[in-house]
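Lettered A, B, C and D in written order, each chain numbered from 1.
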């Protein structure tokens, strides 16, 4: 059993607390939140002690690992502090909204044998993982194209959008990671298109967008199209499609149940898709933790690494540059 | 090219005329109908001559085959006359509403090297045929159970029901033939249940039913359930399911197109199923004719034979007996 | 929080312990098993005390409820003892393998204001529940037919079969309960057909069967067909279908994920269905407990009652009688 | 009945002859082909006269319409000659491989009250048409994004590729037309990406590609992604998807039948998709002719007009420019 502390008791942090509590591999030993009441509530619920400060957590040698679910702007610093304190660090995405800060974080911990996993949970979605696995066994042969559709049921409030870093860093970043996870080599070029169609004043008011399409290309010409929308009234739409020499693989959407209705007007009427990301990606959150536990045991990376987090952010930056300058961008242009 | 004459220009006969006209294997040489105007209309449309009488058709040595699409009560006599006149005979189902008459028909032509195909077209449905073919290649191993769902979009008018011979002889007979086509041996026992649920006075007024479930059992214990309904507002519902030792095969329903809609209320909303039997079984009508042409060439039976027609009718009789006497019936009880 | 004790730590009991532990409504206060080690393991895992005996549990006034997951033959007695001790009783199916014993149990507790829920969890399956709910809102109008398909991935070991009471009491009993749950009135007639097709010597050796079809009929002529098989290599096959005047509702099977593969040989290749009943009916086990908690609060029955348990057993008896005597049976024939 | 002549008896021309022959609205009066034997074969089959030359056809005042299915490079000239001879002209795509030539064709016939329909048949596909129709009735509200997937089962021979004008003019042009058919306003910007992945030497040898992704954007920011591949071993993959404010509409792929297989390895195994474009788009070829007949009657355009043909070609040119110059292109850049 690995003793772990959770930093941050917002919605994501609470979910991680529950999964750690349910896990056979971890013991939720301590909880910290800038708001002591939030930490207390979790402490009561799960029987973990409330830590008085981050330093206390980092100084507790009985803790093998920490899970960082605090404000985005604290992620990089907590990764650095955690690694330097000898902890294995699981950190929610993103590493930072600033690529330079993320790269400095990586450099700062290079000499500390860092064990860092970034919370790109979709890699662990059973469907997406099965699709990748099928592809890797050669079922469809050589890779030609990938399509990633990623739509949220509804947009976040403007208060959230304000500090989220923009659509590409906040939402598409999952898909940039997924694209890298599926492609057989790194993307080298990117072209992006984005618009404020759902909230028509979003660009004018906050300089952000809610509807986007992005093309990626690798050195060998594999193509990937990511399409994002902050709104899909029919539910969480998360699909991947891989086209290869010998066929195609798709990972499709999930419904709460498989009940269908047939009337004079339509057939095969099913439930809308699951509406909450925690429901849609239910298993992935637990599976990524299990992978983290295994990695702590054998030091073999399984989930997204810090480098993966940086590369996803780099793609988000490149997407922003492409959008701003309305041109094809080479990924190298955004390396610091 | 096989010269063929069509007897009977009702809805089914007209469909057969069109298919024969489109066929590369047949030449629609003559048309007969008790109503000369009906025959003329077809003649004009397809360029075939109007025959003045059945005898004329039978006496025309240039005609190799006849297709019988006349009133049910004339089928047996026309099969006999056609065979005796040396014609290959394609006859619409049923052979007759009376099992005894059907058996006498078979006996009457035994010595004439009869070439008779009965119009149980569903055997030629690409889906049902593919299901049977899959099963025969051993994909799912030994047979355990068969389920046949067979529902019409809406009930026929009472004027039709009046003379149709009852639900089992008129509607379920297709499914009795399909059951025999799929089972690996003959059914030996039958139990039926029928009700007038759609037209509540149907039993009282016409002694008929519109909703039924029938169980069949073979000597080796394979089981088959047929469920029929004269009404399915969502379209023609025609499904078969075969359960075997190693898996299952299903032949499903068909829609006019694969367009689906997704809203806040439901996902995967598709078109209702095809509503007309000619649409639903489109290919089967042409394919059964092509099979008839091949059989004429090589004398190998392909479609349902007269014996199959008789056996289906026997099952319908047995179903009626089971229903009337409210008991399990052995098929042998209804052999004349 | 309702304090509850679990009696019986076999596979089902352990699952209930976990669900109770996860529940916000119950506190797993005590655990009992005839094997102290089994009870200890659960106690360690969930922090509940090990009870030394059933009497101890029944005598503990702090316990509001008990969950019975012991050997089938102890169910009736534990229901009686629990109710008489003032406990709310959740009891796994079946009440007993003997209809008479089940009825005596009901009579024995009549005067004790019994609060008893029987573990027919499938009523709480989101898909099946949604199907019933859709039907009850009138979406498809008047009921005509119900089809229930219920197949296990593979047969239980003979050691299990030996004492299970036979296919109808052990497996089909879930479907008899589901049929009653969906039908708008009680079945009055039953006809059953069963065979040993998977394990060909099952009938000779143990007098049991593994493949069955059962027809039910209500007073108003609604029809229901249940088909059971102890083997479906493609996974747990649990479907219901409701045909009504205005359409059809289906509750379909579930896959672990929605990944599909397309090659030159086939399209839409998906994962086999979930293979374990705990996976397939995952939510239902928790939902039935939540219903039990609500019922304890307001005394309104939600799940299957003891009466439902008796009626399902009665249908199983009637099915056995029909099978043995090879005839249509009226349900009243099997009331003691 | 409209008397029509077909010019060109290649594969497409023969298909048109058959559809015209089957049509109730047209009489196939004359057939011309540069190869007299090809014309004769059609003449024999359908009973139409063989025309000795194009001039003969154009000079025949009894002919109301012509269908042009000759070599691409003759299309523009035959449209001009046909219109000037007072014929209604149905012309296969493309108008020409050269945008300038296509525009000059339009200008040349402007004063002749031209009645010209271009053979972009997919507009008449029942599924695609239903999708557009659903969208136009407001089911999903305001348009956000369109995705068009268009993959052939296998690449054409190099001999075909040599003179086809390149992937965008030959294959994607259908999708450019479909995009315009679905979008609520004209695209204004385009970015394309193309690669020779299937035939790796295609670019070096013939300067062409076989795998592409293209993004389109309208003035109001609606986005469209077209993905093309010359190879999809699982069959003809032709899908459209429309995302709107209130939901999504999809038009999916078609299989020859709905038979599925379930084994220990996979469930819902279906047939590969239809492999031939004539099968996949079966109804559309007849429906576009019926539309042409109606347009001849009432002069209201229904199918793709010459202007639509020009605009699709313009998009192909713009896609080529974007690819060559590796940049975002404004559609206006390619107007002559």
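Heads up, the rule we're going with is that a residue touches a chain if its C-beta (ideal position, glycine included) is under 8 Å from a C-beta of that chain, and two chains touch if they have at least 3 such contacts.
Remember, it's a predicted structure, so these values are computed and weren't measured experimentally.
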| item | value |
| --- | --- |
| Contact-richer chain pair [C-D vs B-C] | B-C |
| Chain whose mean Cα position lies farthest from subunit D | C |
| Distance between chain centroids, defined by C-alpha means - subunit B, subunit C (Å) | 41 |
| Averaged-CA centre spacing for the pair subunit D and subunit C, given as whole angstrom | 57 |
| Multi-chain contact residues (two or more partners), subunit D | 232-234, 246-248, 253, 260-264, 271 |
| Contacting residues of subunit D [partner subunit A, same complex] | 142, 144-145, 147, 149, 151, 191, 193, 195-198, 211-213, 215, 217, 221-223, 225, 227, 229, 231-234, 237, 243, 245-248, 326-328 |
| In the complex with subunit D, residue positions of subunit C that touch it | 232-235, 253, 255, 260-273 |
| In the complex with subunit B, residue positions of subunit D that touch it | 22, 125-128, 130-131, 134, 139-140, 246-254, 256-264, 271 |
